[in-house]
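Paired with chain B in one complex and with chain C in the other, chain A is shared by the two complexes that follow.
The block that comes next holds the complex of A and B.
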């Protein structure tokens, strides 16, 4: 069983499991892209399907995601270490655009350094 | 940026300590692993004797400074003196400068007049009694001492 992350956008997925790290490293950090398999998703009803974006996320979908929060602390340039309470991600499409239209909760400020501008602008709070 | 430890209240200089952001988006700064560990054990900083929170609550250290400052001030009392009553003192104090200078001028005038009168009086007396004011030395007033004559040889 691989690392599970909370999905904090409104794409419909709730829990995703990391199956691949998309960089030449053993682990991914905040601001890294990963491939996930959706483990839990919100039930899709036919009523809401029209208002949502074209992408319907179902359980078992394999998608790309961006890590936005980690329980493992991250080092900031001023020497501080910042740690969150959970692991969280945001689903992306293959062109690195966020799938959801809204993000719920905090994201880490590392995203700004790694040039995820769109995600940062969607986030209600960046710490 | 200078942070304050969320548990102990100490200052956290940059490149020290850790920051923890909880699920409800509350941020906690920790000075070191000691404070972090205590926080994770859900200890109440108000019960941990060395934290700033505890010291403030039990008024340690701070009250001494405050007490010192207070004792330095001498309390001023308004007291009456034996010779004059309190109202008299107050009246004198609250006299306006004009009133005071006017009173002084009057007093000076009076004194001058008195002196003039007295001088006039003396002159008149001198005119009457030319000898009355003669000055005698003390010896003259006593009189010459009688010579002691020898009674035996």
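The block that comes next holds the complex of A and C.
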């Protein structure tokens, strides 16, 4: 079973499953891009389709995502370790821009070090 | 022959280094006088009176902690200190960290319940856990890191009968309802700035 992550933007996806790590490594960390398959998504009703100009995310969609929180602790250069209670991601398009317009929840400050400026600016809280 | 292989400078430095490690302050050669040998920070090794033959590694550990203990934070991690003065599992702790050595004024704060203390001499660390935006966050701080500016106990924990409170990850109860302490944390953050 591949890792499942909570999707914490407003793109419509709720749970995504990692199917590929987009770097030459076995594991991806916070700040790494991965390819996910959406396992659970919010139902798309006709009411919302008019207001949202962004792409509709359905269950089964294969998208790129950025890991923003991991349950596995990440080491900071000063010796600090940060760990969250879940694994979370934010969906991206092929140009590495976030698909959703808002991020709901905490993200890790490693994103700042890995130059994901747009995601960090959208996040309500960065730890 | 050795001289031609290693060069005059290296040999002199090596002999000087050997002398420095031996802690004797005598500098007999003229060449040695051109190097500035710093005074040893601890003229006597930090050994306890009852240690007839002090263990080198223990002495080094004590000296490195004494050197890193700039503001008396080692008192928080000593075992033979009254519970109200030392850090215990269950205490609410506020930590202010510098983000980089180049700019001391850029700091970030973290408040949380201490769920574990790892006493390892200079590598002493502790884990703080808090629930931020409905997500549990744990941060492990190295106690003697120069980037950790301040460690303050905001509230002593009561009723915690374990050294490691990892059970709080599943059964937090009311432990992380720290809203009342948010104000204490903010005042602690503001206090040092003024």
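We adopt the following convention: the second predicted complex is superposed on the first by the 127 of 127 C-alpha atoms of A that agree within 3 Å, B and C clash if a C-alpha of one lies under 4 Å from a C-alpha of the other, contacts with A are read in each partner's own complex, and residues count from 1 in each chain.
Quick note on the criterion: contacts are C-beta pairs under 8 Å (C-beta built on N, C-alpha and C of every residue); 3 or more make two chains touch, one makes a residue touch a chain.
None of the values given here were measured: they were computed from a predicted structure.
Asker: Overlaying on chain A: chain B and chain C, fit or clash?
Answerer: Aligned on chain A, chain B and chain C clash with each other.
Asker: For A:26 in the superposed arrangement: first (chain B), second (chain C), both or neither?
Answerer: neither
Asker: A:127 contacts which: chain B (first), chain C (second), both, neither?
Answerer: Both partners.
Asker: For A:105, is the partner it touches chain B (first), chain C (second), both, or none of the two (neither)?
Answerer: Both partners.
Asker: Enumerate the residues of chain A that count as touching chain B in its complex and touching chain C in the other.
Answerer: 69, 73, 78-86, 105-106, 125, 127
Asker: With touch defined as at the start, can you tell me which chain C residues reach chain A in the complex?
Answerer: Those residues of chain C that touch chain A are 97, 110, 125, 132-142, 145, 147, 169.
Asker: Sort out for me which residues of chain A touch chain C in the complex.
Answerer: Those in contact with chain C are residues 69, 73, 78-86, 88, 105-106, 124-125, 127.
Asker: Once bound in the complex, which stretches of chain A touch chain B?
Answerer: 69, 73, 78-86, 105-106, 125, 127
Asker: Using the touch definition up top, name the residues of chain B that touch chain A in the complex.
Answerer: Residues in contact with chain A: 1, 14-23, 25, 27.
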